[in-house]
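Can you read through this structure? Questions will come right after.
We just call them A, B, C and D in the order they show up, numbering each chain from 1.
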Amino acid sequence: MNQCKGVIITGKNTMTVSSQCPVPEEPCPTGALIRPLIWSPCTSDAHLCATGCASLPYLLGKAVGHEMCGVITKVGCEVRDFKVGQRVIVCSVMPVWRSLEAQDGMAKQHQDNMYAGVDFPDRGGSFVEEYEIRDADMNLAPIPEGVTLEQAVMVPDMMCTAFEGVSQLAPAFGSSVVVLGIGPVGLMAVRAAVLHGAGNVFAVGSRQVCFEVAKEYGATHLVDYHNEDYLQQIVKDNGGPVDGVILCGGSEKELGKGLSILKKGGTLVNMSAYFGGSPIEIDPSVWGFGYGDKTIKGVGCRGGRLWMARMAKLIACGRVAPEKLITHRYHGMEKIPQAMNLFLNRDRGLIKPVIYND
Amino acid sequence: MNQCKGVIITGKNTMTVSSQCPVPEEPCPTGALIRPLIWSPCTSDAHLCATGCASLPYLLGKAVGHEMCGVITKVGCEVRDFKVGQRVIVCSVMPVWRSLEAQDGMAKQHQDNMYAGVDFPDRGGSFVEEYEIRDADMNLAPIPEGVTLEQAVMVPDMMCTAFEGVSQLAPAFGSSVVVLGIGPVGLMAVRAAVLHGAGNVFAVGSRQVCFEVAKEYGATHLVDYHNEDYLQQIVKDNGGPVDGVILCGGSEKELGKGLSILKKGGTLVNMSAYFGGSPIEIDPSVWGFGYGDKTIKGVGCRGGRLWMARMAKLIACGRVAPEKLITHRYHGMEKIPQAMNLFLNRDRGLIKPVIYND
Amino acid sequence: MNQCKGVIITGKNTMTVSSQCPVPEEPCPTGALIRPLIWSPCTSDAHLCATGCASLPYLLGKAVGHEMCGVITKVGCEVRDFKVGQRVIVCSVMPVWRSLEAQDGMAKQHQDNMYAGVDFPDRGGSFVEEYEIRDADMNLAPIPEGVTLEQAVMVPDMMCTAFEGVSQLAPAFGSSVVVLGIGPVGLMAVRAAVLHGAGNVFAVGSRQVCFEVAKEYGATHLVDYHNEDYLQQIVKDNGGPVDGVILCGGSEKELGKGLSILKKGGTLVNMSAYFGGSPIEIDPSVWGFGYGDKTIKGVGCRGGRLWMARMAKLIACGRVAPEKLITHRYHGMEKIPQAMNLFLNRDRGLIKPVIYND
Amino acid sequence: MNQCKGVIITGKNTMTVSSQCPVPEEPCPTGALIRPLIWSPCTSDAHLCATGCASLPYLLGKAVGHEMCGVITKVGCEVRDFKVGQRVIVCSVMPVWRSLEAQDGMAKQHQDNMYAGVDFPDRGGSFVEEYEIRDADMNLAPIPEGVTLEQAVMVPDMMCTAFEGVSQLAPAFGSSVVVLGIGPVGLMAVRAAVLHGAGNVFAVGSRQVCFEVAKEYGATHLVDYHNEDYLQQIVKDNGGPVDGVILCGGSEKELGKGLSILKKGGTLVNMSAYFGGSPIEIDPSVWGFGYGDKTIKGVGCRGGRLWMARMAKLIACGRVAPEKLITHRYHGMEKIPQAMNLFLNRDRGLIKPVIYND
């Protein structure tokens, strides 16, 4: 096992660039080694840092990161479809395709460690100089011609998560959707809802930088949740409860708020992670007392080559411009902690930062 | 408006047979008048009585009841498919088919008053001597030849609810289902799960009378929830978390229990009503922290002629023997309060009572 | 019964403006009378004319037409949501919502006469001066503010059909779709596929006027079927067989062509009508010999207020610009035959004509 | 490469037991070697023999067969879940789980050679003394305790195909299903339809031996297709066109017959293979002229461990008794040609033969 540089979490709110991140000399037979070209930190990386990896304790002292694109430097002997020198999008979750979960259509739920970009748990995530992936043919996707690195690095989590959520919501043509929380995943969900044929799309947030992108992505209503009656206003503007709700952020009470404006027979898709330790609380009256045919889905990121390739295709066809999410650009791994701090400091101008590996 | 006899709730835990229940002389153009032949009280009727109609206050002083079969005594001039003298199953919920909800596939969620068998809110439910239904062609179903009154009266709520829930769960062939709570709806859900091709079907309850029916309906495992580790035992016996959970009873904490034994990617169908005023609480860890692809559906009874006719067809074809639910039989409307008291007194031998109108 | 002017078919290739089309003085209780503001003839109207109503013989001597918007002049006593003076979109098919088909989710397939805009078969279609609709609350939709008449008249058939077809195809985000035949419904299908998140969208036709709109609607590839190897070219450009095929025109052999470029596991949606009397022929080899999991759907127009309102919402939100289809504009009912002749003469500049009633 | 005995096709209507079928000494890393305990020939094996492998020419001179259960004799070094001595069901189709088709939910459509039980095309099928499977963890399933070999060998094709077809038909509770053709797959489809909650189930065939099993499996109507008006009779007995049709046999004209009795909005599932070289012909009038919302699915066998395990679970739970299909029992590989001849001679007493390897 060789060693390379990587960004590791060393405790609550502390991280550093280590030069002792393990990486093998050769990839496994179906695997590949990848040299990152661009990284993007995620709220969940920042959350791991803020809590000292409380929710994934084994990551302490290991590399973080799960949004990365790079160039292949070595391929295993059984890899069929990729070769050295190819630019690729790297999966943020690592489905195991030879699993019963995969046979059940839930490959994404069989993996060693969701949301950490961790294919080898003993090594950690992808904010490293060289990264091994186990199943290259299944969990990498080529970056299509005409798609930039900045666009491509929005694929593994931002697009793969938001489009999966909207895919499971499956809004009918012309139906109404509320996106509660318009951080980067929420904004992508706005775009995905528009691209799935929604009519009214309410983008609920508070920061101008996000509202602007929401508008460019096709939101019909920009809603500030600081207005006390914003929920009632949505129902009023929509002419009744909405057909679908997408939850991308907020506390354990947010889910009940979402249900309160959802029509009977409607669906709420949750894409928030609840690590706070408090229970989710739902007042039965907003859920039709249990028999209002309101469906609640807790959706995880969908991984794998096909899904990433389809996301990249949407970019290549001009349907999505994910680079609009990027508000901060850095160069060099050493800047990753600075980029992560934007989240920890709740920078009001932040949507997504990227760091070029140059 | 004429008057007839009916069972009315007069306050907390009090009901009486009144002779002043309103009924029109003639039905509306698309409606019909029905003389009941058999009634069956439901937990929810008992609940209304116990609380003095706290959840549906307008029902105080009016007739209760929503499970009834009878014979048509008059039909409106626009009724096409039914005629006087025909024996019919009467819908327990009253979908309005000329509604936008109906156009959206959710007719059942457009109605004046769910679960009370109330087609004319000013009059109340169907524990009366003569009952008017507004849309006979759409909300009545003929009782097929060979189907008994006892079987037929299990259709409007017991079968229409349980089979709708399982229909929305849509268990795959050979998959595993847990039914938490095996009162009459839970038992019907056991049968429905078997009839939808489930493999392992766990029936979770505590009373022998219910276990016996569960076994006859095809449950593979009878589970007593008084065993402290019954949830772990289910997972062990199943060889892992289950594919689907159906919730038919229990407190606001039951939903979390159901999620705790559900596989990632699985579905929980709730058929309990939550009127206790307490919030439903879910520990995020049992819900995959919000991104485990566990779906929660809060399913209401499906009404309408087609669904009732399909339920009746299942009986006629010998697929379901709903009369096995009936543990108590009475004769005469005067016995309805006595039957209702079985619920209020938590009679351990009770599954469902019926009262013949003779 | 009063009489009014209307365009009637009198034989093969002959039509005339008659002044003896029947219209009642008062609408039925749930109905409404509508004075047309704009009409649009359809290929199927032209086909009726060309064949002397061979496929719907009872229409001979009666009014044709099923794409119309107008203003309400009278409403029946039971109409709840519409009033005199309101501008409305009129359903092109007339679902009967109080039917068992409606309870089965197939309201559109219960109607007296599909595709003829005929609510009262004894009177004919909507190219008349005054038109009665039976169920105003269910089969009319308001024209939203900001939506023009030209846009609105593209809703009843062009949008309601094409968006229904794509809705049933349900292309996955980033997946590939081929639209075979880009007349007006095909072009709308192009737009609908883009709006349902498709990546590659191949528009297959031959006329420049259509290719231009296809491009504006988001088609990624414009394919001329006069190129001998156009089917192979599609597969090559797509990097393999496509995920979905939409068929909007062509002979009885076209379906086989569509299947030949469809991936195993893919879906073909047919929106063509086959009235030629010849059988549809499919070579088993293009259908995976019967076990290739290729699904064939023969989709009809979806009607009803909700669907039309959702289409109109898409226009109001700026998602669809259906007026791009309109290549010919006329004024006065007398011009309808001239507009119909554009179809009969196979005018190469034609997509859709409209006729204002002024 | 070692050699072992196997049944090979040597030309039209000729087969022989060869002792030169290739088998490796060691399985591949994820593979296993299996010694058959029981085989069952299938119509498609017989068809290969009758035509001299016309549809799969490379099989000429190689082993046939794809329905087999056996005992594991060796496992590759990467096999996790199986060990030597275990009794297993062997997949009849060989999905490749590390494929883009698998990521698209269509693993079954990525394989070297459908329906031939051929995991290594250069070697042929499983009517051999020793058989190698490539991906043991994914394409084998244990035989559960209490399940006999005769039951188990009905899983790989008979159950895996029929239950997949019915799963895709997804009949609603109480709906009506017609099974056209009640050979062994059709009979399994009868049982699967009953187990998916169908009401009326029409079993259409001609042989008494099949009708008897159909009845035991829950068919409500036994229909002899020699009656000239059997299709009309089905519609009459059902009270209208049926909700679903399953096609398991017949000529290229059978599909049109199935459509002719299918309701608008219904689904026909085809499980026949069309190798005759003639086109499938559909009169448009039975398909609603292309817009009657009649869906046609051409469904292939679903493979893989999970599906087979679920089928086996249904047997273990007592939901299905597939051994009822077995009409002929033999012992010793040498009897396989005799068993195959039952098909070639159209033995009227035949449903399925099995051959024990003892």
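General remarks:
Please note the rule applied: a contact is a pair of C-beta atoms (placed from the backbone, for glycine too) under 8 Å apart; a residue touches a chain by one contact, two chains touch by 3 or more.
Since this is a predicted model, take the numbers as computed values, not measurements.
Among the remaining chains, those touching chain C as well as chain D are A, B.
Counted by C-beta pairs in contact, the busier of B-C and A-B is A-B.
Here the spacing of chain A and chain B, counted between their Cα centres, is 42 Å.
Chain B and chain C have Cα centroids separated by 42 Å.
For chain A, residues touching at least two other chains, in rising order: 104-105.
On the side of chain D, the complex with chain B involves touching residues 163, 166-167, 170, 172-175, 192, 194-197, 199-200, 218, 220, 309-314, 316-317, 319. Looking at the complex, you find that chain A touches chain B at residues 55, 101, 104-106, 108-109, 114-115, 252, 256, 264-265, 270-276, 278-284, 287-301.
Residue ranges on chain D touching chain A, taken from their complex, read 30, 97-98, 100, 102-105, 107, 135, 137-138, 304-307.
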